[in-house]
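For clarity, chains are labelled A, B, C and D in written order, and residue numbers in each chain start from 1.
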């Protein structure tokens, strides 16, 4: 059950001119959070900006083992994310969550490959922790524009995650898009070895990965980032066109049925961007 | 501090335990919120606009934020009246919610048919006639922008139901009070206003509309001053109870509408910002009543004092 | 980066060096700002609404802030056309301002008389007919809310002047495009819109109106999405150049109006917030033109691309 | 000539739960400021609140004798003043000024009596400095609700100003309103000794002082606090009904012709509050 907490900003760590990590005190919210879920955060007390913004839960913060809050990985792209980049410790932000359908872990025998583009990294740290806890062999394919925009690689490696990094300018890892090494890896992967893909990033990237997964017949889960007005199923703004057996394509609310979807359900051509 | 404060309000024969009603389209079918809030504590719930049949609505993007407001062009995606009655109404009834069903037709006959179906159901407290949705081409607003259309829909529905009939008026007209009068003449029990203002937003880099439907409806705090004025005009034009809405987000906003003439209010966009808004509103109303020694909230309705302005000593 | 960017726009025979015009009532008579900004660098200045005679206007409070907007009920306090011509016009002329005189009458004859007087003056670039002020009881909006009234005022003025005639339309109507059409039929050279939305605000503790005039006009960013939609509708209804306004505060806002169909824009409330807004707007337009390789800003007008929306692959 | 400066907040000194002093870096603005003038400050970058708020220039701040900025004495009464109470050093605020007609100093032979109620103290520190510099004998009658709301009394005394303090609860100085001791002092003052009154505070207080001054035939200047939309004469929101020779009462803009007015010009019954 989601709770609404007027959470104090415990720390704001700016990683670059665009990215920051915001630690928020919200025990009750954090305690119930599962990997892949999100939180609706009000960036300002003013009516401009008016609506809350959705953010993946990046980390569950613990104090002596007890959940004390959570953090978000924020990328400044507009007004709301700009305010959350600037906010100072001590300020309070209304946080509603945890919301949405979490990731389903793969079959115990299966490996997990996480594919992240840019701020699409956000939902994967909690997933990696959960997978490490259950001993799932995990790889992170992670692409960014340049080396300085690859964050938290060490944290993933510390969890035992194998990392495959790409940068568009070649400043670290393989030059190009993350789909390059992913495609190669999928080709090299022997058929009977079970494997589940988890993807979050820009829509074109998710679409491309979904196609690769389909071509290689691998189960693939995507975490979509639709515009969300409420996060609770009230406004019908966040819909995604899906294909389900026995009925024509129809819109479902990604805040309730997502943000995590089976990639095969999504009518990709209907997705904006 | 008085402990016996009376928050109840009357809309004709319909009594609400308090004046705060969730606005249609802004609270799903109510059941989405059943785990988060106690549905029975709300004055009422106007459920998402229903057609006879299921509708997919418009493709995304369906909303865009604007200064102190938002545009929406959902296109009335919905499950249709039959599935509503089967799948949602039983839970709403079980939760003791006061359910106002918002209905939408493309023809007069559809409104009448919807009213007939819903009148047979237990757990429907009133019908709100959506003749004001700016986001669909057929029906709806074509009735709401014409006095004869408004009269026809209201009297058509009136004939087949004994439920309270509440036409919801559009603000996209020159003289909203004349529509309230048409509704009164046709036998409405109350009027609700405002629905959203037809509006649009453009992405200047792509030079494309920011909503797939090109235009949408503006709601939220931005529109409140216009909505309050319209409620004030309707209150002066008709004897019917007026349900006011448009940008309510605080107890002071509720009171503004009530003082202007609203017997009850609806809260839309603010539910998206904060699903617990109504509890904040009720707490604020309690505080106001206590501070001002008001025992019955309903007494506030229509008490705007313009005596000083009317005798302004300087001619203007 | 192109150095020869062309910001000029045409309103019929009137050429402005750029599309940014100060909106009437939001820049005084212009002369108040002569020390602060270079009046000649603005596309034009629509001076405060003028009657034939002096007017005191409404008592304070005359403004109140609302979410992302403000209400005003100034009541057209003003020095009248004769003092304007004697006391203000010479300085505006000396400063090489492009002066659009906003005129307001209580009768048709007054509009005609005002037009006659101003047509004889050097330094008047155009007449804007204020048939849309929501704050005065007589005249003004009674013409602006009636198609025949609009036609009558425009053709009356048209007959006595060779200056460009620009009726300013009210948004408080059901179908603003029909008013643009009436203006076109009557011989207008352009239309400007929107004037303010009739609105009100109430102090809930005293239960009194927050404006001495009870109601006032809503302006500012809050109304922008409605205003953009109205400009878009007018653009499709008439061939006349449209001057768009309502809540413009950034270059993106200017572009939104232009892409929707405005040939030029006016900036009102934002001047209060920042008297240098227009310089920020021009800098932002320069940046946009550079980024998009646009040499002539006027090319942007009416280029909204709705091809994708119109062939939406899912029927809605 | 007014300038618009995106001024950095140098310090925010909170005096109580309601009052604070905000120091703003704005050399060009401060350099031109004269006692009684005001500044229009935008409390937020958002469009809500939208308009700037007017504030008296409380102090001109100097660095090695050169004007480096100014301060305001802010009382939290609503949204904008609340934001200015909360603002942190380093933030920037758009400040337009100096604006308005300054105080006229009295004749060189005249004493000056300043009468302040609450935050109405704001325009008087710069006036006291100017009067001290020209050797004018100055008294400050200063009333507040309680002792804890009497601020900067020492600063005035350091400038050689005689202070007469009142509190409504009697916790410091004379119990009651500031008009009490002022009335007594006016009665005891011998006719030929020239004297000028300067008043700023709540409207009822200013009205009462204006009446006393009129009864005692003393010149009296008031600093009005009308709601102001622009501060530059553009909006006509800030009008005050005035009586001038040879014409009926008429509205004048207090941002241009004020905020400082000869009390005799004001039609007090027409003033709100």
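Simple rule for what comes next: contacts are C-beta pairs under 8 Å (C-beta built on N, C-alpha and C of every residue); 3 or more make two chains touch, one makes a residue touch a chain.
Please read all numbers here as calculations on a predicted model, not as lab measurements.
**Q** Which chains make contact with chain A and with chain D at once?
**A** Chains in contact with chain A as well as chain D: B, C.
**Q** Does A-C or C-D have more contacting C-beta pairs?
**A** More contacting C-beta pairs are found at C-D.
**Q** Measuring between Cα centroids, which chain is at the maximum distance from chain A?
**A** D
**Q** Once you find the CA centre of chain B and the CA centre of chain D, what distance in Å lies between them?
**A** 47
**Q** Please compute the C-alpha centroid of chain B, do the same for chain C, then give the distance between them in whole Å.
**A** 33
**Q** With chain centres taken as the means of their Cα atoms, state the distance from chain C to chain D in Å.
**A** Those two chain centres are 36 Å apart.
**Q** At which residue positions does chain A touch at least two other chains?
**A** 47-49, 241, 270
**Q** What positions in chain B touch 2 or more of the other chains?
**A** Each of 56-57, 59, 67-69, 220-222, 314 in chain B touches at least two other chains.
**Q** Is the way these chains touch best called a line, a ring, a star, complete, or other?
**A** It is complete, because no pair of chains fails to touch.
**Q** If you look only at chain D, which of its residues touch chain C in the complex?
**A** So the residues of chain D in touch with chain C come to 1-2, 4, 42, 47-52, 94, 96, 226-227, 229-230, 232-241, 250-251, 256, 270, 272.
**Q** Help me check something: in the complex, which residues belonging to chain C touch chain B?
**A** Going by the criterion above, the answer is residues 56-59, 66-69, 71, 75, 145, 172-174, 197-202, 204-209, 212-215, 218, 220-226, 228-229, 232, 247, 252, 255-256, 259-260, 288, 292, 303-306, 308-309, 312, 314, 316.
**Q** In the complex, go through chain A and note every residue touching chain D.
**A** Residue positions touching the partner: 44, 46-49, 88.
**Q** Which stretch or stretches of chain A touch chain C in the complex?
**A** 47-48, 241, 249, 270
**Q** Note which residues of chain B are touching chain D in the complex, please.
**A** Listed in rising order, the residues are 67-68, 221, 313-314.
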